[in-house]
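Have a look at the structure below before the remarks.
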């Protein structure tokens, strides 16, 4: 294994870890806003790390550019979607979970 | 090197399974939308990884399509949730 | 083990098709039925695409590197099922669209999209027509159904 | 166990779970959302089986358009299913179990997954895989390969065909080539440099595609199944027409409707404004690039339609009608089908068969093939995108009572 491949492996592992954290949080958090909190952030970071790792092992420039393009689209589109979801939920008076509410304890 | 991609892909699949449970169970509509959106992102990463597993980099075109289409779908779902109509 | 994995895909295709069939039969909601038809179709797509795979194969797109040599020497997957399914998917969305338009029209004239309610309303309409002594054909039909 | 099988096994489990959930969830809105998830997962399955064009289509159609259409229908109907008395329909379950058992019994006779000896890989397809542009159209022997012609040799071509000379100017090899020995005419070489390492290249003249369309799915779609694809396009056209017949209101009503744009949400508006030109450009790229990589008219058309739908979602349908009035949309729908059949007719008039693209450029048949396929792909793309847009518009217009 060469140096850049090791870096890629580390980046992919980190990306996996972040993504898994997000997925686990989405499963276990007590209410919508907390789930949003975990899923929204980890998604962007996780995909970015993985794409960065893949760019390092790609030999040809066009593919690298495409990878960066996908990462950028996701970096813009995913937070926009998350923002819109939050706004819609807020406008519909979805109440955040507070300590002591029933059914929320993980 | 390919086992690294494969391991990443399998871990992502496990993550997708967790998100899928949320998408099916999700008590409110917004939970479901959120889970759908998160699944979309995971799918895009997964497609790219599949390209690297099989050594075909053309798969990235598909990742771009997924990114754009899942964004549009999320907007449509949201608009219906928010306004009750699409146009 | 390899034997099971060898036909695993075909089992899943059967399972998907049967889930779709169950939905079409068991769910009276017309939109659900349209979705279930889609599932049924996807099962068939899975069957076709599974047949196209070759061990160690790659996507049927010839790629050349710069000096004209071929980059992928291995066998290519069978492209013919891909072609069949490619068009079938687009046709399936057309079918879905027409089905949904019909469902909207049904909702407009019946006020509901539940198949059993629609059937009951039809039946009642025909009974009323029968009692009014109109539309003899429809009345016969309704009577036959009433007795059945 | 290969990587393909491992991922396939796991993905199909996910797919099955989703399918059960789609049927069993009572909320139709959730069901529509899960349909989009299902399509994305299914697209992953296709990608894993190297079926890129199908995955492209499934992602664009299933993940995008059909979810939007389902939601567009839910606007006019109910969000919830009527509660059922019994959760499980016993008779249906018994019937499907019986039917499924019979089908599963049948699968035991199927060739194993990925078996290279399966009949499907050996009947007709090897000849089609060895199909070479220009050559295929100018020979009589294409339908029936001669005895001794081994298609598998072309299929698993290893770049070392002994009959190919190193010197490109030396054309004596054509006399000794496999096909010439079987009495099949070889096309002329126009002085281009040869690429001996191309599969089957020693059999045909060099041209744009180095002798064959790289994406064999597109070449089969436009050439081998050309008539079929034309009528599939017509089917889609018919779907658009029936949507218009079923749902269209007097035109003035559609224009004057009030809509609920999302344009007051600054972030959404700005991001969409940035995204729409990019999506349109990418759609055109997918249509044009169809012969070289994954993609083609069907996929690209759907992507283009998605861009317009996003515009309608954000800025309202009246704004879309100002950009692309419904009459123009209707005209373009027909134009696409006309373009497809017109290409076929042009080939006919130039002296070939219907959809015999090589006739479009008599000097270099491969270039004619490229031109014809591009025209056909554009025809398909225009029809598909406009029909999808029409369907969306009609479902949305229905709102006005």
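Chains here go by letter, A, B, C and D, matching the order in which they are written, and residues are numbered from 1 within each.
Keep this in mind: a residue touches a chain if its C-beta (ideal position, glycine included) is under 8 Å from a C-beta of that chain, and two chains touch if they have at least 3 such contacts.
Remember, predicted model here, so these are calculated numbers, not experimental data.
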Middle chain, criterion being Cα centroid separation: D
Furthest chain, CA centroid comparison against chain C: A
Whole-Å gap separating chain A and chain B, where each centre is the average of the chain's CA atoms: 11
Geometric centre distance via CA averages, chain D-chain B, whole Å: 22
Whole-Å gap separating chain A and chain D, where each centre is the average of the chain's CA atoms: 31
Where chain A and chain C are represented by their mean Cα positions, the distance between them in whole Å: 34
For chain C, residues contacting two or more additional chains: 58-59, 61, 63
Shared-contact residues (touching 2 or more other chains) in chain D: 4, 32, 50, 52, 72, 74, 268, 275, 293-294, 395
Multi-chain contact sites of chain A, meaning residues that touch two or more partners: 73, 77, 80, 84
Set of all touching chain pairs, with the criterion as stated earlier: A-B, A-D, B-C, B-D, C-D
Residue ranges of chain A touching chain B (in the complex, touch as defined): 1, 5, 8-9, 12-13, 15-16, 19-20, 22-24, 26-27, 32, 35-36, 39-40, 43-44, 46-47, 50-51, 54, 57-58, 60, 63, 66-67, 69-70, 73-74, 77-78, 80-82, 84-85, 88-89, 91-92, 94
In the complex with chain D, residue positions of chain B that touch it: 2, 6, 9-10, 13, 16-17, 20, 23-24, 26, 29, 32-33, 36, 39-40, 43, 46-47, 50-51, 53-54, 56, 58-59, 61-62, 64-66, 68-73, 75-77, 79-87
Residue ranges of chain C touching chain B (in the complex, touch as defined): 58-59, 61, 63, 72
In the complex with chain D, residue positions of chain A that touch it: 73, 76-77, 80, 83-84, 87
Footprint of chain C on chain B - complex, ascending: 54-56, 58
